[in-house]
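First subunit A sits with subunit B, and in the next complex the same chain sits with subunit C.
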Partner chain A sequence: MHPALYRGTILNKPSPLKSNRESTTILQFILPAVIVLSIFVFIPIFQTILMSFQQWSLSASSKSHPFAGFKNYIAVFGLSQFKTMGYATISYTVLCVFGKMILGLFVALLLNKKFVGRSVVRGLMLIPWAMPSVVVCNVFLIALDPNYGILSGMITKLPFVKGPFQVFNGTTSAFAAVTIIGIWKNFPFISLMLLAALGGIPQDYYDAASIDGAGRFRQFLYITWPQIKPIWNTLLTLQVLWTVKEFELIYLITKGGPDSATGVIGIDIYLNAFRFYKVGMACAEGVLLLVFCLIFSIIYFQNQNKEGAL
Partner chain B sequence: MKRFLSLILAFSLLSMTVSAWGKKGSSSRVKKINLVWYQWFDAETQKNELTPIITEFEKTHPNVHIELAAISSETYWDRLALDIASGVEGDIITLDTGAGMYGYYSQREGGAFLPLDKYIKGKVLEDGTSLEKDVYLINSVKIDGRIVGLPYIMFSAPMTAYSKSKLKAAGLTPADLSTWDSYYNAAKKLTVDTNKDGTPDVYGWGHPTFVETLSRWWHMHWLWTAGGGIFPKEQGPYTPDRLIFNSPENIKAVEFMKKMYHDTAPQGTKTVTDIHAMFANGSVATCQAAVWTIANFKSMMTPDQYENDLGFAPFPAYSADKKPVLVSWGNPVAISTNCKHPDEAFEFIAYLHSKYAQKLAMRRAAPTNKLVYADYAKIYPKQAAFIQSCQNFEMRSVPDIKQWNQFDHILQESISSALLGTRSVKDALDWGQNEMIKALKN
Partner chain C sequence: MKPFRKTAAGIIKYMLVLLVCIFVLLPFVIMISYSLRTTQNIFSLDHGLIPRQPTLQAYKNAIQSYNFSGSGFGTWSWNSLWVCLIATFIAISFSATMGYAISRFSFKFKKPLWFMIALTQTIPWIIILIPYYMNIAKLGLTNSLGVLMVTYAAVFLPTSAWLFVGFFNNIPIELEEAAKIDGCSQWGIFFRIILPLSVPSISAISLVAFVTGWGDYLFASTMMKRAALWTLPLGLTSFRGEFFIQWAEIMAMSTLVTIPIVILFIYLQRYLVDLMSGGVKG
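The block that comes next holds the complex of A and B.
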């Protein structure tokens, strides 16, 4: 580096003129992003928060939306299905994320091995993830139909199944089915990301460990896991944030039923806003979801920082 | 001076030419009035019914263009509510007397739809149709004593559709479908497992278990026929203390439906389309159908099956002394209060009631113009017979309340829970009653 440049950037304090020019340049770079984010993210979020404190109903003729304090939030907590909704949302998120992560890791480890046709299998693995949700849901709805579904027909023939297999009729079975479909639809994304991380681990590490007598489990524990952990943690956070607001997959399969067993918060937001026109209440639910996501992200990043410091 | 005068003359001539050209230009470039028509009808209806009507109308009204806003039936009501709230709805709006019309009307201060009384008064179309005298249901579209829509088409439901050959093979006649008890026995007989694999190949009855937004067509007649409903005879005032959703009559009705569903119907969550497709392909022997489903059956069945095997019987009576109570409703067309050209919009919705337009609409619904009924039986005999048969019975509409969408959801959830067995019938209806009370109070 040129000595003068070195002095100017590191050793010496930047001149006010240069500092201003740099600030302008930085501003020019970030301004488009700030404008786009403001229009499509910050302003809508602010508007949603504002509406959650207003009396906002599409079926009310009044154009004014008076301040309602915490009335919408109290109404959300007072919903008869609030407990079921909370339970369904948390259970679905925990089970679905757990399933996706474990299955994703398992498949990634399998596909990281060398075998004939590996690239074909890797490509095929992506099909569920690449398919539109509408297609996936319809495929499962048809395959699991108790009257003409191929899957339910096969399951009905099992010796321990009595009568036609009606997975979407029971509360527990319907919940289990949407969770499994959610896992099946999204695990390839986890596998893909983890495969990329696994591909970056030098083979020398494993060779050295083998010489030292480490078995496959120990190799995984002491080489693979520490190497993929940062990606794993990021994926985990993203998956929790994506899964907790799941709507389309569940709505397309069960519409939140039967008996609200699969009625996660995303479905209730939709119903309140677009079917019952209780926009204020829907916004309050949206804000609660946002707060949950924020708290989760903050805790996660704090833990990440602590781990980084250690 | 001469030069000055000639300059003035030239200037005057130029001004006259410019102004004359301007006038000519403005008259030849008159901007066409564009009226957007909100409707949810399927592509076939748009092609065979709505577009020809618009074309004919535009021939006599060259300054008006009717733009069809093709909105899917699944999203129509959500879109309409949002658009009215945002003030961007179409000029002409198709409504449904059984889908909470009052709710949409009350979204705007003073009403979202224009009162039409002054337009209708004394209005006679070129073909002699008097809007005041010759249109059915004209008084069913009144809000606060004012007519806010013209009923374009009307529907009646249901009749029991059956396969003639399947009934004959089981040794049954349409009379066996005339009461609930005899219908149950007939449906049991019609449920056949030919290959003995434990799953019937033909079901005696088909009933949709998922009818969100459509519960008024597919559940209510069972409740009404048994003597129940949501409010007594669905008449106001619509207050929580008048709700009868968990009445013994409703419990009896849903218990019966559950028995029928469990013993004779295809299981699982089924939509109306699923059931009608199964009826058309022969895996369901009987089901309830509305007048517009006849057109759907025609497109799903072979010509021979449609002509010779499709039969209709009246909806079964609860008992000898309790006759069927059916559902009726209309699709009125209203004019938005935001419409900038209400006179032209009214001309168009009036034209929808002309004999020409009404004959085109007969394919899937009953016309509202009384003057075309003589032709109905000639053009669409099955539809005409269907409507005629329905008219022998009492017909009701669901309550037109602001909270109808919530009621529809509750109705769907509770009856579906009872049929699928996730709740007992009593628990399901008690839950429904409580939810309806909450909806009315909030």
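The block that comes next holds the complex of A and C.
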């Protein structure tokens, strides 16, 4: 039986005793989590929204923060940097998500085939996922160092590379490097999720299709793809949400440079708030990001609802 | 003709697998490779993949060296370990109960609650960092490992609750109904039936929770200013001087930070994948 059916039977059943005792039990179950979330997550979110409409002067001593209307938002949009930031954020998100999803699908299809040592390879796929961002950043910083880098040493040996390989100095190359590192860190997660879905497709489907004379490509198009499409869509939504807020991975490698080429919105918010003390503006940017995430979350939530999660 | 095509396809398959393995593993291998040198070796242009004179000197330096405040690897690992362990414990116990309630009970604000969790699970933490830091500074609670602990718990709670809902939804309800008829209370059902069934999932979720704090740089670096209270990711930065970076020591410490996590991930691999795909499916 499909799990969704269980859920249907559980949830549509009118609860037999809806006494006071029962609602006390429910409260006991949810209250600790709700309290922690309220103090540490919900309240700060509302504070951010509030602060984005306030004026924050540079001197830390001033206690009053008068209402500023949309001044902070206008400042954000009026900034010459906004264009660079928006461009960096959008292109990073699009390229990174695209790369992760395509590579993730390709690797999942490859690892779904039978070969010697399959489970070992699947285990190794967890390594990028398990490596902490700080570690990943340090490894790539030294590995791509123009003088002492193992990777840059290998790359300079390639025939078409001329001169010293200074990847983090050029705007385009730094951006490309950060994108590739983002893809490397996250595509195994997608592969493993898709592999789990691929494993659930009965082999009979493929046997029947090959008897009917369907080639590899048509088998993928008419059997594999429809089966993994729901998970693919969810993964895509989640990846957009997770990638657009990328901070640590980029900040620890380039700090947003050179020339703000890698200054995605997460880095911009951090720098505005903690380096330049433009708190109001940072909060306004934060709210913009929040609105974007909200819209995407609603799409995601509705998708899940459609599939009968609740 | 046919067998030839088959072998050719087989060879291509293995070559592609090899390529994927190299791509996935190379940075990890590079990390270990650097950690087996001395910083002097790295600067004297020993930059092949295999170190010319492998040595464990960097590990010795990384573990034994102390920074200006007298704290070192020992202090930082201890801080990281117990902050992450307690944060994991809080996050797991609170989110398991909430996840169970969302999965099994019907109550008034269930949908909004679920939506809030789904949303907070995806919001960028950088958004809450600014007011959060201000609140903490106002209360004089920066440099408190206790606050960092609860922060990690709160940060992971939504994801964890979301994963638990996905997992509990797949446990058939019949078991619980039988227990209920036998007069078992809701908490009794939770502790005696649900928890024993969930041990593998709880360990997998705990691992993901643990790693969230273990690798965190953002919250720790804004809140922990005193070196004696640093966690390992902050400790890594102590080998970065303004003009001189002790790369070998950084890589040695990185390896020490990464290896336990990698082993746990591979050990719990099956549960992790089942769990995450259960969550993604909803």
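Definition applied: the second predicted complex is superposed on the first by the 252 of 310 C-alpha atoms of A that agree within 3 Å, B and C clash if a C-alpha of one lies under 4 Å from a C-alpha of the other, contacts with A are read in each partner's own complex, and residues count from 1 in each chain.
Keep in mind that, in the parts below, contacts are C-beta pairs under 8 Å (C-beta built on N, C-alpha and C of every residue); 3 or more make two chains touch, one makes a residue touch a chain.
Fair warning: this is a prediction, and the values are worked out from it, not measured in the lab.
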item	value
First (subunit B), second (subunit C), both or neither touched by A:N138	second
First, second, both or neither for A:F301, with subunit B first and subunit C second	second
Subunit B versus subunit C as contact partner of A:A177, first or second or both or neither	neither
Contacts of A:P164 with subunit B and subunit C, given as first, second, both or neither	first
Partner chain(s) touched by A:D259 [first = subunit B, second = subunit C, both, neither]	first
Which of subunit B and subunit C A:N147 touches, first, second, both or neither	both
Per-residue contact with subunit A, leading partner among subunit C and subunit B	C
Contacts of A:Y277 with subunit B and subunit C, given as first, second, both or neither	first
Touched partner set for A:I228, first subunit B, second subunit C, both or neither	neither
Touching both subunit B and subunit C, residues of subunit A	147, 153, 274
Residue ranges of subunit A touching subunit C (in the complex, touch as defined)	3, 6-7, 9-11, 15, 22-23, 25-26, 28-30, 32-34, 36-37, 39-45, 47-48, 51, 107, 110-111, 113, 115, 121-136, 138-140, 142-143, 147-151, 153-154, 184, 188-189, 192-193, 195-197, 230-231, 234-235, 238, 241-242, 244-245, 247-248, 252, 266, 269-270, 273-274, 279, 282-283, 286-287, 289-290, 293-294, 296-297, 300-301, 304, 307-310
Subunit C residues touching subunit A - in the complex, by the definition given at the top	13-14, 16-17, 20-21, 23-28, 30-31, 33-34, 42-43, 45, 47-49, 90, 93-95, 97-98, 100-102, 104-107, 110-111, 113-120, 122-132, 134-135, 150-151, 153-155, 157-158, 161, 165-166, 169-170, 172-173, 185-187, 190, 211, 214-215, 217-218, 222, 233, 236, 247, 250-251, 254, 257-258, 261-262, 264-266, 269, 272-274, 276-277, 280-282
Of subunit A, residues touching subunit B in the complex	58-63, 75, 80, 145-147, 153, 156, 163-164, 166, 168-171, 254-255, 257-261, 271, 274-277
Complex contacts: residues of subunit B adjacent to subunit A	78, 81-82, 84-85, 103, 106-110, 198-199, 210, 212, 266-269, 278, 283, 402-403, 405-406, 409, 413, 416-417, 420-423, 434-435, 438, 442
